[in-house]
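Just passing along the structure, written as structure tokens.
Read from first to last, the chains carry the letters A, B, C and D; within each, the first residue is number 1.
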């Protein structure tokens, strides 16, 4: 490594923990062109931020992200806060000349996402990199799926079916965390997890959704207010408050290239914990993935004789699978946080090379437009085009 | 057995072969109250009908179903012809006082289905039984799923996701069989296989679809004309003709009880051969089924402690599973045609008991109304109510 | 069909039921050169035999198999009785010029099996066919496995691991059926189900076990005596009796061609109902099978690039898979009894063609020798050679 | 944390990389009583050791482990070298008063393992901790399996079947790495991976193997000599040398408590990459595990009604599963290296509490005795007792 990259991370909850492990781990397994420095973690509460710095392994802590943006010794700002704050922080950071990694969804509204994409485009002129955090693209099995499609192995794509199924609030007494508050989270299952499958479906197929029709639903209208924010949901108190986001979203889509899409994102799929499922059927083959068995990609080669054809369970742990050579021998699987590590690797390599690794803020904006079209179609009860 | 039940079967192709095996097998494994007699098989071509009688094991053959309806020695008419002929035959048979088993879809149009349901209601007054052939209800694992839901084990139903995935015409040179001709088949994937998942989803949940929004697609517009009709598709000739039905259908649905539904029926899901998949998530549990592993029902009990909860792979081959006691010891699975055998069992028992086993023609009509709403919503590009 | 083949079946319990369905079904799905006639079923108790004839669909019944052997109108004797009676019946039938199908294990002792093999060899000179009933060879996925090995796709075979796992007597109060009585059954798990995996392992690899070392175990020494014999086990009475056979057997084996084998047969594998598992690893590929998912063969092609290699889940329901073309379209699975139907097909075709379909009585004898070597090695606590 | 624990790691190859990640990660996710310091990494080649320190994140490097043992600022020695060096280093380290973590197999011979166990026992008197590195015990799904057995959920154990299947040297041209050299590795598949399944089987059941009979095999006698040692195997040169260890081992075992065991360890199981499989059947239930799907434990509860019983796919990612609360929300799986992190956690907590976490060196010695009995039984071709 020939230089360093000083990182300030804003937010230190679930995503902050994931990103911290990624910044720490990436240089130990990959030969990075720049050495990341875990310089400062930022949180609104100074005491909690200090404790986060100790627990997550950051050199310093701070309670005002604006001050941190003014520091000369910070090269990159990593935004891990709720969606309502992304726009303000990201735009300011880019304007301050900092590279930015911003968690998904890019923003809570299309308007904010547009401002962010504009700021990123402007910053790019100045050599500043902005990247959206759709980390699942960097799970090896998903990156392999993209490779197989890009090689033409699936032929013309006919079908995309994508589901993101969780069940963590199926209990009506599960507390009202910030993720169930529209002001903070923007939307519910749609924005939180639906965003991932929209991104993955478009990433793997290399195509984009052109129109959609969808349905949002809130099964439980009122919940006990959360008293703290540990884990995804926090603990329940005695007060009750309204759920202002969707519990579940389903939608049909038409891809620009003609494929049919069927999407479903829900936090009420009892028994499914983090089932990100993607199946793509083309004229020459198909792939299928489920994050609950994340080291596996299923692949069907339709060009083979029917007598020996079948979905192959590819264990995506071979040295020539994406990202895998840096890790362990075949069959020694990776876990959830490795996608974040790969994200850091691609980001740091991009910065060093003067390139702009995908997904860009423009990509994040486009996902936001799809989500917005789903939401408005749910209200108008008819198909909606997604602006290109 | 205290009497006989003389059967005339109209049609002797794929469905005729399945039904024949069922009529032959049912009395050998189940203690039926009436002994079915495989009296006569009917086909338009006398020679082919005669050959079918020999091959499929019927005592006699005929080439005019109207004449057969006039015979006093026929008790039941089993209709296995394409959908465009169902209405005329069924109504005539019911009027002639014959019990009727009619393959799905009940008819090619709602209007025909209404006439059939009316005829069935009228015949019922006279003690004549009419049953629609949604055979998959009688796969033990599916019947078990229904039992678990009926016992209240799933609680309030939130989600239904159902897919019927095949790939037998993904090749653009696959021939233009009658199943791709709207005049004969009524519709394509929607009516042929979509009908099954609509029926199964409603059967297992005990609820009905109240509104839908859907999309139909024909990926391949023109195909070589089939020269014969062996198997599902026949052989390709050199002449080409237009495909007049849908290759694939997807739709969202809202159930009367509030559950969200996501449905997909396609003949273009490369790698999937007969994947009838149903997953239902409720507040207290979930079930999942895939016909490609048809002896298994997955069941998740959400009331268990999280530490030991998980989808159970129930091998639906135990004596106390529906229909299984008549067959083999645990672990000795059944096959596709057994559902037809169970259909015969329930039908014969119903006739002997003066009861009317589900699904009735009214049930078949209701499925037809759902399919019709999907089709019109696909044209209007907006949600449509399903008449109750 | 140009003639008939009149069958007498001796025994009408579990195997009799399976064989009856096969004799009835085979000519309806396959174009047989001879039409089987289900002439007479034989049982020791005249009343029960008569009831069996009605229930299982045989024209006539009898209570003395010797008299039946003297009848001129019987062409084939199908032996479905316990193993202690096989030798006497089979030898007499062959001497009487009847073709013989004999359920496995061929006999309860090597000595009896030798006599049967000798009788079969002698009968063969006279054009009389004798076949041993290792029906699982004719499950399409297993027949496909054999085909893949025979085509050389696996290369040099290194490993065979085979298990036959059931759990039907894990409950110490499960009754003492004839299958737990050494006088009738010869042995327990070893002969009843271990015989199947020995046959399958040798059949699929095309090799034979040259030496073995094994261990037999009886976990429950005493059980309530069975009062009837329905199903596998019957019902428990109040009297208790000794279990005289093994509950489980495990053994290592060396194949003549050098492969290592690991075998396990047990009725105490809680949760496994009829898990016949076979995995074969060769230098160029591997196959894996589990009867609890009987329509699937897994196949790994080691000659493919590592990046796209993986076990393929071949749904053995394609027209070019063994036996499948006669049945249903792809994805429409078969069940347990279909293997018996295929056995009838191959047997009838063999008889018509003057050929002798495998497995022969000599094959059955060789399996018996393997089982005997396992048993003696269990006593001597050392490896034993299997006579070639 | 109230103090520090300075670590010296000997060896920096595959295991060194795994251990480094564990030392780095453990304090970031778990609230450890002592802060591990990654003080010094030791390798025979000073330049390589220095490079390893940089790549793996150690503060310092050294090329003489004896010198390191003399340093006062080292609290713990972590041994990651080939098995032939374990005894000398571990005994010296314990005598020097250092806590020791030693990779498996504990040693290459029973004699060495005995010396190590004696040294550990003696050191224990002085409050010095020695732990053997059977890391798979700490995969959450395996730890959960142990918990279920310890809770009595499986009842009396009847069967243990364990396999460790890899295929990395099935190609005869795979190079002759140190793992194929008896002088360095002690044994082949038996000691390298067979050791793991012996440990796991005994750990999960809480029982020990009392006698065994086994078979070792070397399928490929000669291979190209490796020119470097990257990854598991290195690159092949032109010179050839003899393979002096086993390619595969299989053995039967009898547990002291009466259970039957079947074991298989091989590097020739084409298609299996790191398939550590364990299935245990007891009178009341069963568990099954496969490391290729490492976040899942299958559990069958035999006390449930047969109609709803089935193997449950428990996703071992819930907060109340062992080790999981420190990581991610449900459904967000862990990877291979997490077991090493958990090992560090238990070790550090043990040291701080003055306790001695399992597996001890005595446990490692006992595994060695099992492996030795397998090897000698393979030579004598008869069962061998394992000294208690």
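Throughout what follows, contacts are C-beta pairs under 8 Å (C-beta built on N, C-alpha and C of every residue); 3 or more make two chains touch, one makes a residue touch a chain.
Everything numeric here is computed off the predicted structure, so don't read it as measured data.
Path length between chain A and chain C in the chain contact graph, taken as the least number of steps between touching chains: 1.
Farthest chain from chain C (centres taken as the mean of C-alpha atoms): A. Counting C-beta pairs in contact, the pair that comes out ahead of the other among B-C and B-D is B-C. Here the CA centre of chain B is 35 Å from the CA centre of chain C. Separation between the centroids of chain C and chain D, computed from CA atoms only, is 41 Å. Remark: chain B and chain D have CA centroids separated by 54 Å (rounded to whole angstrom).
Touching two or more other chains at once are residues 272, 309-311, 315, 319, 330 of chain B. Interface residues of chain A, counted against chain D in their complex, comprise 14, 18, 20-21, 24-25, 28-29, 55-57, 166, 168, 231-232, 272-275, 291-296, 315, 317, 319, 327-338. By the touch criterion stated above, chain D contacts chain B in their complex at residues 144, 148, 297-299, 301, 305-315, 318-321, 330. By the touch criterion stated above, chain C contacts chain D in their complex at residues 154, 158-159, 161, 163, 167, 170, 172, 213-215, 217, 219, 248, 250-252, 254, 258, 260, 262, 264, 266, 268-272, 279, 281-286, 300, 302, 309-311, 381-383.
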